[in-house]
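Sharing a structure here in structure tokens format.
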């Protein structure tokens, strides 16, 4: 479904991502592992159009070329991002934040159903609909951010460290929710530090080091790989 | 005297509210401070003055042409002039400074054009300056009409922002442009729209004001600053707040003139503004995010 | 210097800023008119030689510091031969020391200050043609007294003034004169510059038969408009600066008739009529009914003084201006007092002009029509 | 046991109708690491904010070494010896690493303003492993290095009590290990620590005691081993029991 | 951050020592221009002193400038000149203290507009006082102070301001202000009292502005509230400082210099179209100088040092 090739990004003179290539199939959960500063967020931002890649990059989602589109058109094409730092509408209410997730014409019709799905994953949000998003705790805000992305009815959901700051209970819930999301036919591309957990629910994984994809494989194989264990699993 | 003060306060405040409304939409959404805002107002006033003088068409009818033109011009200002600095801005602070500097230039350029065309003289014409008797008091029809128009447009804009999808999108952009893009909102479109709307409202204000006020080509700044006072007092981006604060300032001005001393009107307005901010540093309705 | 070296005439005036309206009405057209006159004659006559003229114009942007700089520039960079005055009390006083130090004539009808008698002693080449604030307020009071004598008003007068130098100084002088004349001020308030809604004030003065406003042009318009709207039509009503401006007279047309205001002309005088026609012909606009003609008369006097003395030196010209008499649009004048004698400071609007009524010693006074005609119905 | 270094007594804070911290009391003993854990939104950050004086509380008292510090503004609390890191990093982007670290040291009472200050900051950069990046601008640092710098800056205050708010969040397992090492080192230097953390392995290996919060109130207190098996805690926070 | 090299001080003293001879060679117009220029340089630098590190954009410059001018108008003939200056500084400082205490917790645009409102209110109040208490508006200043003396006073003031600015930048207070400008909440948690630091600087900067107003006042003979408290001045100062670049001491200085020349060039050549041209030129400048003049200069330096062949691709956002 998602096909990426030759994706490079620079910040000024610093090459943060070099010729990345990867694929995600429908209904598949794919995790990108990498140490801090490896370029994971950069990869994800480039896919969503928040940073401009070098010419020569190719990103397609179900055949639609995304690499030339501005960010809002990429969302429209079905690629949603839960970004690092969340970018919630902090002075609007939780309800409005979620409603804005269903802003695009394509998603409006399903807004009700999407909302139900969000409440299934994060029941707490249902009681907090009136709260101003900016006053919520870190973890609560993360829920709103994921919920909002779910509201855009994505074909592919990109998550940048979604479990950051979530309690173990919620982290577990989140990791249970992701397969459910994938089960609806959406692809999930995940960047996580919580490698144990994420590899456990993923189908495949990529390893990113210093801006370069250095390895890939089935999640189960990666879990067993010595190299991965040493670098990411702390074993 | 009380009724008189209320009437004069409302008619005055109605226009403050309207003009502030345009600016709060513009600034709130696009986050670019437009120091040239008042020039749109004065520009429209001169346009009416000229067209009314030559063609004799009612200013209110002229508004039907002038307001859309102002929308277009204002939209163009955003797309052509401001977009480059929006693109290059590395931080909100940098954008704030750049837009301040750039629209400072715009202010002078627009004022310069008006001065070249119309000179520095006072300009004034008379339209609908007829008395209307309301509750035993007299108001000018042109002021009353302006008040009504201000209320209507204010309500319309409020409805647009609070009740429609487009409005919600505008508010979302005002809060977090990156977040807005992530839910599929075209931020450039939204900012351009808001900028255009602001310019259109300013122009409408200019049309209305020109029917009863003496103006000069250089008075734009006065309106920009008055509008800013209202916007800030209400809290940036707070539409209803701007309307309320605008009306309140008008009423205060009228009551001070009637019961205290006309010499203190402006001083009291600013005193009220300053005290408000001291008590509520983000404006009356402003919410501080965590 | 021979007949081909041009005489440089320079001035810095408010082309922009809050003063632009006044400067563009009263002073600038007369500078242009005078320059036009001179060019028609082939230049300015310095003694026996006619020398061409060159005009240098700057904008002081209604700002004292800019005015100081621009005048310094005219003096030391452009080295003008004749320096013309800016508009308004503040700017004329700001550049006064420069004119004085560099030895130029400073002739202006737009500086009205009670310090005028001191200032002309301090600056012997300054001609503050309009004199003191009191000399503008007193004729207004005289007219009120006349109306009282005729039984149109009683001892009660309502007065408002704009909170700026002109309004305050005139109000202060008027307060004194009113008291001396046995009047009582039933309402006496100032309002800030920029005020354009006077309905509260109208509501308060509603029952007064005599109303005086020492106002600036935008407020003069607003006060008149508000008075008409609220049908506040006192038997005698005076409005301040702007009442004599064509802009005002055009806007209100016949409805402003019999209103009192500043300045005034002797329209019966052929020279005045001639001046008006020429002003319209050359600048495309009517002159105001107050300072315009005074400014122009002063320019004429200066021109004649230059011709007579054959010198462009300020000292020579000033000496001649003070001792000689000059034939101007205001008649035969002498500027020995460094002020313009015989000019109207209060008058009554009639058919789009202001007919001069006071002070009493000015010649060619028109009729004082009392009471004020009621406002036409709207 | 000696007197506690920090004592919270009946502390309460409400935002509008929402009671974020409700009648919380606990002691912090000299030299220990106390874990403050609980579900999202249970009031941990708010508690830290109350200790550090970020905002005033509605009720209760906080004492440091027996002296009341509640009610003092943040800057006074800091000068009494409480340092903190922030859950969302708060570094100054256009300053260098050294300058950021110096922020911690420069405004302590009686601290001279001289070259020695820079040298001493350097030692704390060494503790967190940033010594070789001293001259870089903060915006050029990776996330983990920025976290390290947050800590170095707090250490430069040479505080009696250090508050760490999710300082270990976002690290992968390998990085986590080195992070844990650093905290241990800091404790060994004699600093008493309160840490808010969701990473259970870190809680296990570092904390002497834990306070568990839920919905603003304290629901458990004790060694990690006991609280993390407490059924209330498991239900509210962990979802499944964690064993040491 | 902490530096002890004396050469910036030496440089300032040397340059200003040389400039002190200007009145001997300049025409009176050049002197007048230089005075105007120096006035703005003092104001912009003083503004940058406070606003640069704290990022508080103040539109209250004219409040203090006007206070200085008014002090001269009221006390000029009653006291010896140095005492008048001292009074101006004192009053300006006192007002700044009150204003600062009240306002420095306002942030961003709220502070900007607050300070604007303040200047308008002060103007109205002074007007009201003159109208109702002294019963006359407008005051006369007849002091025997020559242009040359004004020039020297401003020059000395500017030198003092610059030396002070350099010293500040190296001081703990200067560092504190940068920290506050970066993140005030964080600063509090490290023992810094932002209110005190900001207040100290705000008062210092205001005192300088008051002095500038006092020194300039004898140039005009006549002042009234509209002249002394003309808000345009505040805007000019801000624009000059921003244009120069407010992250360096020299930025506002250069901005003031450039703008003074621009005003002069346009005002003398094209008095009719001054506004229009100023506006257009200004817009062009803003496009060409993204980080102010100082930013541009620093960039140019950086470029000459950098190897010429490193390719760069901007990481901007997509349209």
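Letters A, B, C, D and E mark the chains as written, and numbering starts fresh at 1 in each.
Just so it is clear, a residue touches a chain if its C-beta (ideal position, glycine included) is under 8 Å from a C-beta of that chain, and two chains touch if they have at least 3 such contacts.
In UniProt terms the chains read A = Amino acid/amide ABC transporter ATP-binding protein 2, HAAT family; B = Amino acid/amide ABC transporter membrane protein 1, HAAT family; D = Amino acid/amide ABC transporter ATP-binding protein 1, HAAT family; E = Amino acid/amide ABC transporter membrane protein 2, HAAT family.
Fair warning: this is a prediction, and the values are worked out from it, not measured in the lab.
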| item | value |
| --- | --- |
| Mutual neighbours - chains that touch chain C and chain D alike | E |
| Longest centre-to-centre distance from chain E, chain (CA-based) | A |
| Chain whose mean Cα position lies farthest from chain B | D |
| Between B-C and D-E, the pair joined by more C-beta contacts | B-C |
| Distance from chain D to chain B - Cα centre to Cα centre, in angstrom | 48 |
| Distance from the mean Cα position of chain E to that of chain C, given in whole angstrom | 38 |
| Centre distance in Å when chain B and chain E are each reduced to the mean of their C-alpha atoms | 30 |
| Shared interface positions of chain E, touching two or more other chains | 124, 127-128, 131-132, 272, 274-275, 316-317, 319 |
| Multi-partner residues of chain A (each touching 2 or more other chains) | 49-50, 70-71, 135 |
| Set of chain D residues in contact with two or more other chains | none |
| Complex contact set, residues of chain A against chain B | 48-50, 70-73, 75-76, 80-81, 83, 86-92, 96, 99-101, 103-104, 107, 132, 134-135, 148-149, 151-152 |
| Parts of chain E lying in touch with chain C, wherever the complex brings them together | 27-33, 36, 39, 124, 127-128, 130-132, 135-138, 140, 142, 216, 219-224, 226-227, 230, 232, 264, 267-268, 271-272, 274-275 |
| Touching residues on chain B, where the partner in the complex is chain E | 33, 81, 84-85, 87-88, 93, 96-98, 100-102, 104-113, 115-116, 188, 225, 228-229, 232, 236, 263-264, 266-267, 270-271, 273-274, 277-278, 281-283 |
| Contact footprint of chain C on chain B as seen in their complex | 1, 4-5, 7-8, 11-12, 115, 119-126, 129-131, 137-140, 143, 212-214, 216, 218, 222, 254, 257-258, 261-263, 265-267 |
| Residues of chain A defined as touching chain D within the complex | 33, 35-37, 124, 135-140, 142-143, 161, 164-173, 193-196, 230-235 |
